[in-house]
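Chain lettering (A, B, C, D and E) follows the sequence in which the chains are written, and residue indices restart at 1 in each chain.
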Amino acid sequence: MIVERAAEPDLTVQPVLTVEDVSIRYEVDPPVDAVRGVSFTLHRGEILGLAGESGCGKTTLAYGITRLLKPPAVMTGGRVVLHGRAGRDAGGDQDDDEATTDVVALTGEELRRFRWDRVSIVFQGSMNSLNPVMTVRDQLHDVFTTHRPGMRRRVREQRCRELLELVGVDPARLASFPHQLSGGMRQRVMIAMALALDPQVMVMDEPTTALDVVVQRSIIREIMVLRERLGFAVIFITHDLPLLIEISDRIAVMRDGEVVELGTAEQIYRAPQADYTKQLLASFPSLSGTRGGFVRGREEVLGA
Amino acid sequence: MAFYLRRTAFYAVTVWAAVSLNFLLPRLLPGDPAAIMIGKLRRASGGRPLSPEVIASINAVLGPPKGTSLWEQYLIYWGRLLHGDLGISSTRYPARVVDLIAAALPWTVVLVGTATVLSFVLGIVAGAWVGWRRGTWLDHLVPVTTVLQSIPYFWLALVLVAVLAVQLGMFPIVGGYDVFDFPAGPEASWAFLVSAFTHAILPAVTIVISSVGGWLLGMRNMMVATMSEDYVVTAQAKGLRPSRVRSRYAARNAAIPSLAGFGIALGFVVAGSIVTEQVFSYPGVGRLMIQAVSGLDYSLMQGVFLVITLTVLAANFVMDLLYGLIDPRVRTHA
Amino acid sequence: MTPVDGVLSASHLVKTFRLRSGLRSTPVHAVKNVSFEVVRGRTVALVGESGSGKSTIARILAKLETPTSGQVLLDGVPTPTRGRALAEYRRRVQMVFQDPFASLNPFHSVAHHVERPVRIHHPELTSAQVAARVRDLLDRVQLSPADRFASRRPHELSGGQRQRVAIARALAPGAQYVVADEPVSMLDVSIRLGVLNLLADLQREQHLGVLYITHDLATARHFSDELLVMYRGDVVERGPADDVILRPQHPYTQALREAAADPERLGALRDEVRRSLRPLGQERSASA
Amino acid sequence: MRELMPRWDGKLAIGVATVALITVFALVVPLLAQDPRSSANPALLPPGPGHWLGTTKLGNDVLAQLAVGTRGSLFVGVLGGLVSLVLALFFGILAGYIGGVVDEVLMLLTNINLVIPGLPLVMVIAAYVQNAPGLGSLARSSLMVALVLGVTGWAGSAVVLRAQARSLRTREYVAAARVAGEGTLRIICVEILPNLVPLIAAQLIYGVIFTVLGEAGLSYLGLGPTGSITLGTMLNDAQTGQAVGTGAWWWFVPPGTIIAALGAGLSLVNFALDEVVDPRLRQAPQAVRRQRRSRAAITREEASA
Amino acid sequence: MRRALRTTTALITAGALALSGALASCSSSSADRSGVLRVWAGESTPFNDNFNPFSPDAVFATFGAIYEPLFFYNQLSSDPPTGMIGQSFEINGDGTVITVKIKPDLQWSDGQPLTADDVAFTFGYGPNKSPQMVSATAPDATTVVLTYNAPQFTAESLILGSTTIIPKHVWSSITDYASQTNEKPVGSGPYVLDSFSDAAYTIKANPKFRDGEPAVKEVQYLALDANQSGQDLLTTDKLDWSGQFIANPDSVTAGGRIGTANFQQDPTVIMACSNADLGCKGPQTDPAVRQAINLLLDRDEIAKKAFAGLTAKGNPAFLLLPRDQQWLADPATGESPQSPNIAAAQKVLEDAGYAKGSDGIYAKDGVPLDMTIVSPDGWTDYNDADKLISEQAAAAGIRIEARTVSDAEYYTPASTGDYQLMLWGLTQSLVADPYSNYHEYFASSGTAEVGTAPPSGQNFARYSNPEVDAAVTAAAATQDVAAKQAAYATVQQHIAADLPYIPVVVNASQAFFDTKDFTGWPSVEDPYADPLPYLSTASGVVLAHLKPVQK
């Protein structure tokens, strides 16, 4: 399997996002170094899992990569480079898609245009990511009116309907307000929105945590399908290591702001190197396997 | 729809309560407007005795109905009210309370309405701005406005008159319009509107200065809270222009509680405007209220109170409708 | 097996909420005729997704809700709704809540939380005895040294420590049955196991009957003897834990089982998606 | 516990200092100053060595009047604030905690009270009460004014408290207390109220500000307390005594300034309390400031490097 | 602001006691139209559209400017009344028949002739028809005969000087005079109504006025709610005439445009509910207490601080001196003590059996001297005086609590006797004869039991003294000066000792007027009428006298 995957050059060889030695500090009293010297490379079309427990810095890292750090977080060092989309015949009207961008250096208008167009985010709180007082249509249109000002209204509307269909939501829902949608539907709308500008990278921060497992499953499947069809790379952040192992190409395990282990899903699952990775894996009892380290298991052992 | 039904029902109950309170208060606490009026007539006639017919007619108009139960009186009261009959004023006998209020109400509605809307818009816009630029020097603006808010309206008004109107002569001192230029009263002309406008500036400024801080503070606080909402972060992540994020995503949501609190604040503004009208001899209902209270003119007092209450309720109702437009959630979830 | 000396049973529980919207109200059937038994010394897991009615059952058992119909029986006796009898019921049946950040009052110390149930249910104890008991309880939930923790307030504790306090509180009256409503779902993954193990240890030591409510099939399987699967207010499948998880009969249980993440299926989803898309390869350029 | 206490900062310090100064002034100065009703002094003296704030038309020492008036206003304010707080607690907490029909009824009453404009109602009630026979000197005492203002001014606080009580009621620790066997009253008093302390304090402060301003307004309209000196009656005296017309600013400006300062001081304390109730109000601006400073520092370092 | 309302009542009572007088000749009007005269007569917004001379709420221009009585009685002088509608009058020997000749060829402002028929109608109409009246007839177009069943010597000024004459052709169809608003008044005075709004109304010169159009063609009355506003408008050249209290008149007159006049006439007193027999309750029913209060007052300080030094000194004989000098029996009652004599006051109390308690308050039979004095809200001078009285009494060992009440709660308790002490304003008789004072305020015919209002008269102090009653009756039945002097001496002796009304000051009545644009204002040299815009009749007389300054 590993060999087979490594032999797929179109997916893994071209880097799309390079993160070099990124450090992020929260300027509270005393300052907290939330991310410390993290480096990794995201390849085109790849799903990179970012695993770790709460407070390990995985979400902060995601915000740092997308230049969305909330106060008082400050990126104190490092480079984030988004590589141009060479070799891909995307629409010729987006010149900067071709460019290699130093994300950290972006400011003002440049930064604003970079956002969503090339890297989009699906946030954790599917319930709150949508503006409660605007219709789905308005919020989708917003993306186009801002980034594609030349686009005609009819085309825009057509595109919005397509997007909803793409994520499996009835286009009639365009007229709905967020509160009229179920949690799963809201998250699908968010994913549709994240796809709107055909970005190279999509960051997904616990996109399914608040959802029921069955819904969660169908959304993850949807993401996988879309990734296959559209070819964007995904940084998938979650504490749910088993899920990551199941869906990711590679996994970075974070703890206390550092990546303690980075490897393919197979490596992480079958042959974890770091103690922390092992500990984390052991925390998830196997659904179908043996009972692992559980007390009741111990009881059986004792009884045996 | 359910939201509107519920609100309408609420207003109906509130109107009923206000009217009933109005009916009950003078009956709970004694006080005889007829006796006061008769006393006044007696003094006016220089100690000459009043004819029994006059006393009978005053008692009939102002006195408590005799031989009827409270319930019957209540029904009669409602009947009269529904015919637009608020009784006869005893301080301005025999003027009808309705006529007195009809002449005064437009002034108050326009003055207080304009000043309130102005104050609201100013406060919301400034509050949104200060909240947006949180963590900058603008933060210090917020405590300053609370000082303004803590100044008694009438005190501020008196100082403004003394300085701006009397000393500097920048504004007219009293009245709703220039009575010297328009001796025949209000007329439909541009010049009159200009005159009314210049007379309204200082009272309006007083109301705005005293009330803008509340809106500003509320809006700023909500704005700060809203700014950390996910949908605002999402909007920023979407690369939307800051102006759009501020207005459509942050401010619009942050303004919702201010709209909801409009009713409370309006009550305060109306209170302030009553004393403000007094300082400026402004021909509004606040003035009538004060005169009614000092002259123990119960009919006028009740009439003005009722009309002020109904006006505030109407304003609240309008705000509720607006609220429904701005916050779609209330339309479906009651 | 340990002798069965007590049973807490739910008998034909029905709970219907009225959802008001304007002047209309629509009934929401949260629980539809559910029966089961929790025997001392055994653990019953109640598994289901949010909205399945499992938390409502927990609240009914904890006497926080009154069932629309049906009964909760303790040792076969219908349970009271008020008065001294209710206090006695509360002494025997306790609850551990889902969110340890919300279930402890930020205003009060750890000692207060554990001490109150002791005082309420054992008014005969002197202050010294109460203090000793609190220390003992804290020791038992591995918050040692107890004196160091007793004076702390919830915000000074980690999530795991808080949930241990919550467990100590539940044990404080001398409970025989514990309803644990998603006791670890709000905790970090690495400490979940510890808390569950503690609960299991206590159960064994104290011979508790535990109703373990969760949405997590894996822990339900490992932690319980019997497993009930709830779907939209009904129990759709029940049986010994391993049987239900490894050989699900009901389509819903199967779906749940299918949806649960399983690292054993590494890469399977991607491959399946790819296979399903290959014939439609041209679609990619059409929609891009 | 600490998170229930306001964070000490400049605004709070200024607020507390202002309120404390005014309170000390109101409590101590009357003991030192002359009888505020003494007319033994010449009339309308401007501020000078003998009378630091001059004298009124009757020859009353303005400083003495100011101190006693401040005390009177504080008395009315605190009393009115307490009355409205008690009512707000009753309506708000009860409605919020019990919910259901009780909530509906109490909230209806509250909302009615809320939308019926306050001052006109106060004026009407004051007019009736003050002319009701049998009350004697109580009818126009500052006690009665405080009561009337308190009875009409609680609704806003009740709404706020109810919303908070409702949200606290659904907190799991309240459910946990019930499961532990606590009684309803004890849950309200021990589990819910302590967490409402900052909010209750804020509402009390609003109540005090409302009552002090309300008393001033009523006094200006001639419906204030008679027989006792408050800042409102002082302003009323100054206004009717044509302090503005005669240029006796020392009679007119100090009472208004004290009211404004008291209101502003209390509001500043409320800022701090607001920040306790909603920590984001403090944290968000602070975070932005820190982020900006840190970024500036990094830029400087890079520039110097 | 309330000061404005108070002037309303001052006007009303003043009108009721008017003296007669002939209208000073009015100069022929020049054809030039000059500036509008702007007046604040003390009214507040909004104006009532009410020109009914029988209504207490009628606007001020109704009296004097639009409607007139037969004669003008100038309160400021002891000269005989001047004719307005009336030319001359005669009273028969026993005082029961008054024959009035009116001026010929008079016209109402609507062009209808004004004849004796209108006058006779007026006296038979509504409240003018007194129980003592037998008939009012008009034997010819200029003669009116009023017949009574009792002597009317002392009612002369009321009948001739303050009964506004109304046109029969308008009023004969009006039955309920009390609720009439008479929005289109038809009168005989120098002005007619031009326009009305609730913020201002304008009267313009009446071309049909018997002496020709007055020189000031337009007069505008304003409504203001605060004295401060009036003062501000005077200062800023917006107002030409007002009668209001301004503590520092210099601030207004310093500019040179505004002149001022202050003719003090009306006594301000502490009115005591003095008669326990009629139901009065409280220590003030004891004359000794009232005497003590009289002695302890520091009137000088009250005048200076409460009344800005603008008042005159009062006297316990209730005479307007020096106008009424001939009626003063004992020089000792010619002026109330101006400085306090606490020792004397305490001696009076101790002689009457009071002793100082441990709290420093005098008491008798365990009842302390503890009373309440009331004044209306916003009547600053009264409120201030009350405060001073309270403080001065406390110094002497009497507790008097000063309270303020609403206007309505001031007048009603006064008339029904539901009070202990009140600061009260008496209205000075308009003629140089104190009869109306004694009859209105001291005769028991003008009082009633506590709880009911007197049917006539204003003896709200409930004073009742048979000797005073007899003396007042005797004075009413004679026109002999010596007999009257003797009767008045008796009255003065009793009221100065019993003090049902304790004199405090004689109230200021400040008028402010524009001397730059208008001439002809009354002055100390030529006090032809009191220049207060709120006075009835007199204000009309002043208006007819004014001339615009030609520029």
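Methods note: a residue touches a chain if its C-beta (ideal position, glycine included) is under 8 Å from a C-beta of that chain, and two chains touch if they have at least 3 such contacts.
According to UniProt, the chain labels map to these proteins: A, C = Peptide/nickel transport system ATP-binding protein; B, D = Peptide/nickel transport system permease protein; E = Peptide/nickel transport system substrate-binding protein.
This structure is a prediction, so every number in the text was calculated from the model and none was measured.
**Student:** Which chains contact both chain D and chain E?
**Tutor:** Common neighbours, chain D/chain E: B.
**Student:** So which has more C-beta pairs touching, A-D or C-D?
**Tutor:** Spelling it out, more C-beta pairs touch across C-D than across the other pair.
**Student:** Averaging each chain's C-alpha atoms to get its centre, pick out the one most distant from chain A.
**Tutor:** The most distant chain relative to chain A turns out to be E.
**Student:** List the centre-to-centre spacing of chain A and chain E in whole Å, with centres computed as mean CA coordinates.
**Tutor:** That pair's centroid distance is 92 Å.
**Student:** In whole angstrom, how far does the Cα centroid of chain B sit from the Cα centroid of chain C?
**Tutor:** 55
**Student:** Taking each chain's centre as the mean position of its Cα atoms, how many Å separate chain A from chain C?
**Tutor:** 32
**Student:** Quick one: chain B and chain D, Cα centre-to-centre, how many Å?
**Tutor:** Chain B and chain D have C-alpha centres separated by 22 Å.
**Student:** Mind pulling the chain D residues that touch 2 or more other chains?
**Tutor:** If we look for residues of chain D contacting two or more partner chains, we find 127, 131, 222-223, 239, 244, 284, 286-288.
**Student:** Please output the residue numbers of chain C that touch at least 2 other chains, ranges allowed.
**Tutor:** Counting only residues that touch two or more other chains, chain C contributes none.
**Student:** Counting only residues that touch at least 2 other chains, which ones in chain A make the list?
**Tutor:** 70-71
**Student:** Quick check: in the complex, which residue numbers of chain A touch chain B?
**Tutor:** 66, 68, 70-71, 112-117, 120-121, 123-125, 128-135, 142-143, 146-147, 177, 179-180, 190, 193
**Student:** State the interface residues of chain E toward chain B in the complex, per the touch definition above.
**Tutor:** Chain E reaches chain B through residues 1-2, 5, 9, 12-13, 15-17, 36, 38, 44-46, 48-50, 54-57, 126-127, 130-131, 158, 162, 176-181, 194-202, 220, 222-226, 228-229, 232-233, 235-236, 238, 377-378, 406-409, 411-412, 415, 440, 446, 453-458.
**Student:** Can you list the chain D residues touching chain A in their complex?
**Tutor:** Those in contact with chain A are residues 284, 286-288, 290-291, 293-295, 298.
**Student:** Show me the residue ranges of chain C that touch chain D in the complex, using the header's touch definition.
**Tutor:** 59, 62-64, 87, 90-91, 94-95, 97-99, 102-108, 116-117, 120-121, 153, 155, 166, 169, 172-173
**Student:** Name, in rising order, each residue of chain D that touches chain C in their complex.
**Tutor:** Within the complex, chain D touches chain C at residues 1, 3-4, 171-173, 175-182, 190-191, 194-195.
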